[in-house]
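The structures considered in this document are given below.
Presented sequentially are two complexes of chain A, the first with chain B as partner and the second with chain C.
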Partner chain A sequence: MRLKQRVALAQKGHDLLREKMDALVIEFFEIVRRIRDARVKAMQQLAAAYRTLSFSFALEGTVETHQAAREVKKEMTVDISTRHVMGILVPVLDVKPIERHALARGYGLYTTSSALDEASRAFEKVLEVLLKLAELEEGARAIAMELEKTKRRVNALEYVILPTLKATVKFITMRLDEMERENFTRLKRIKAMLEARE
Partner chain B sequence: MSVDRILQFELARLNMHLPKQRISLKDALSMASPHLVAGDGSKHTFERKELERLGQIVPPNDWDNLRLPILIAINPKLGRGAAEISGELEVKVVSSVLDKEARGEEVIIYRPEIAVLRARLPTTTQYLFMVG
Partner chain C sequence: MSYKVAIVADDETVAGFALAGVSETYVHVKKEETLAKLDELFASDEVGVVFITYRVAEALEPEFKRKMRAKRLLPVVLRVPDKSGWVPRVDELQEIIRRTVGAEITVKGGS
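Showing the complex of A and B:
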């Protein structure tokens, strides 16, 4: 009886974990689709940003551009919170607008040209997309790890635990049937002997 | 740890992400950073855009009655890949998001629909596993 209860529990666990695995697959494909879109966007914006940076290098000179980059205020505010996807904590980055006014960047406007402003603006824009991409990739990594764990458990239940338990139940049932048959035969034999004695 | 204990632990863990108490759409919209605390003590944040979308689907006088997150109940008894949405307003939201005809207190949705629903409302919907 206890073994049958264990089989029922294992079966229920298997069904639920399989449902969880299916749900995780749905989540994983969705996040992968969003990553693909975010990557395309990031690549386009990065290409545009590097193009403006090349202009800046050409106009200002490499040393001057690097010097201006060193003077830039490297601060930004990101609120990091979490959301749940079936028990997996996925980060949520709330990026405050990064695009700043030219005066707020920190480099001198007198010694730099508008090409550098353009490049800065383009990189500030792309940073928002990159942070979103980082959030999605971290989410995908967490979901993939949980998916792997769940798959391993479902497989263990499906191919090891459930067949072993079912085989044990079958063996016990067969053994009990066999004992019942032996008992029946023994009783019949005893009855026959008693009848013969009378 | 025996297999049974591992299994019981796994089953108990399945619904750890659910909140102790659901909040209304009205409360969520009034919060500066809309969130709730999950059963394991962690924080689940709602996306404001999603809340605003729900606000457009549900009439303002019903904002108090729509409890968040909307639960997608997975019950193995319904068959693989099927899930149930309960509650009149929840059914209304889901039918609107999925562009599906549904009325009453309950609606059963299937895997492709779950994928669409989760893609459109990733933070305001949650899975509920019916351990039973």
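Showing the complex of A and C:
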């Protein structure tokens, strides 16, 4: 019966999606674990970087620091590729060490201020950590969206389609049984009538 | 492929990131203008990463959340604390966990 085939198919689809959902959940929690650790490190380093920046504002001067920020060479690039995780695309950031030499930075100050160098170096270092964290968080977001989608489809199959199909199968089976019984009773009556005639 | 990095924040934070070599810098002043800048950054094929402070992102709500849901895979967006260390009370990751898995798991976020 075609209907029974549809039930089997829907059931199979449901089981496969369930498997996918479970795998996504595992993947998701793995990435969350890494995010937790990466965040702690990033936040500490960033706080330290802000402190060195404050020192630069204080020791070198606010105007001078902002001027250096304007003049410095801004050539930071990141190589980004993608990889597949359970059918979704997740970004991969190639984070190269970003430490530059004071001269290479190119801010034209008459005096080299160590406070400014400290601040630049601190932010260069924390950028590495932040880029890694960005990769992880974006990946987590992509997995979460796919998880939501998959969950909805699993629920749709579980709570709507499969019960409906199964109910229809049950109904048709009942009706067939009924019809068979009616037939059987009819045949018995006819047989009885024929026998009575003899 | 090689991409540029962007920072959207207050002027001090922008200065810090600029000193590290971040090329796309934007200091937040007015909500409408910053939202327009975000549209520009999200649509750009050259920008691969956008850093934005929690404070500025909060000031751009509810549009910011909508844009985050609608954006493509790139640019990658990361919210960071500014020097005040302010983070929203509800952690985004925790919210995602609660919504998708239905479990209450605490995620330590801010500084």
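Everything below uses one rule, namely that the second predicted complex is superposed on the first by the 195 of 198 C-alpha atoms of A that agree within 3 Å, B and C clash if a C-alpha of one lies under 4 Å from a C-alpha of the other, contacts with A are read in each partner's own complex, and residues count from 1 in each chain.
The rule is simple: contacts are C-beta pairs under 8 Å (C-beta built on N, C-alpha and C of every residue); 3 or more make two chains touch, one makes a residue touch a chain.
Every value quoted in this text rests on a predicted model; they were computed, and no experiment measured them.
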| item | value |
| --- | --- |
| Room on chain A for both chain B and chain C (clash or fit) | fit |
| First (chain B), second (chain C), both or neither touched by A:K12 | first |
| First, second, both or neither for A:R141, with chain B first and chain C second | second |
| Contacts of A:S81 with chain B and chain C, given as first, second, both or neither | both |
| Partner chain in contact with A:I161 - chain B first, chain C second, else both or neither | first |
| Which partner, chain B or chain C, touches more chain A residues | C |
| Touching partner for A:E60 - first (chain B), second (chain C), both, neither | neither |
| Partner chain(s) touched by A:A23 [first = chain B, second = chain C, both, neither] | first |
| Touching partner for A:L89 - first (chain B), second (chain C), both, neither | both |
| After fitting on chain A: smallest Cα gap, chain B-chain C, Å | 12 |
| Shared chain A surface residues [contacts with chain B and with chain C] | 79, 81-82, 89 |
| Residue ranges of chain C in contact with chain A within the complex | 1-5, 11-23, 25, 48-49, 51, 73-74, 76-78, 80-83, 85, 93, 96-97, 99-101, 107-111 |
| Parts of chain A lying in touch with chain B, wherever the complex brings them together | 6, 9-10, 12-13, 15-20, 22-23, 26-27, 29-30, 79, 81-89, 92, 153, 157, 161 |
| Parts of chain B lying in touch with chain A, wherever the complex brings them together | 3-4, 7-8, 10-11, 13-14, 16-17, 33, 35, 38, 40, 42-45, 47, 74, 76, 80-81, 111, 114-115, 118-119, 122-123, 126-127, 129, 131-132 |
| Residues on chain A engaged by chain C in the complex (per definition of touch) | 25, 28, 32, 35-36, 39-40, 42-44, 46-47, 49-50, 53-54, 57, 65-66, 68-70, 72-82, 89, 91, 93, 98, 100, 105, 116, 119-120, 123-124, 126-127, 130-131, 133-135, 137-138, 140-142, 144, 147-148, 151 |
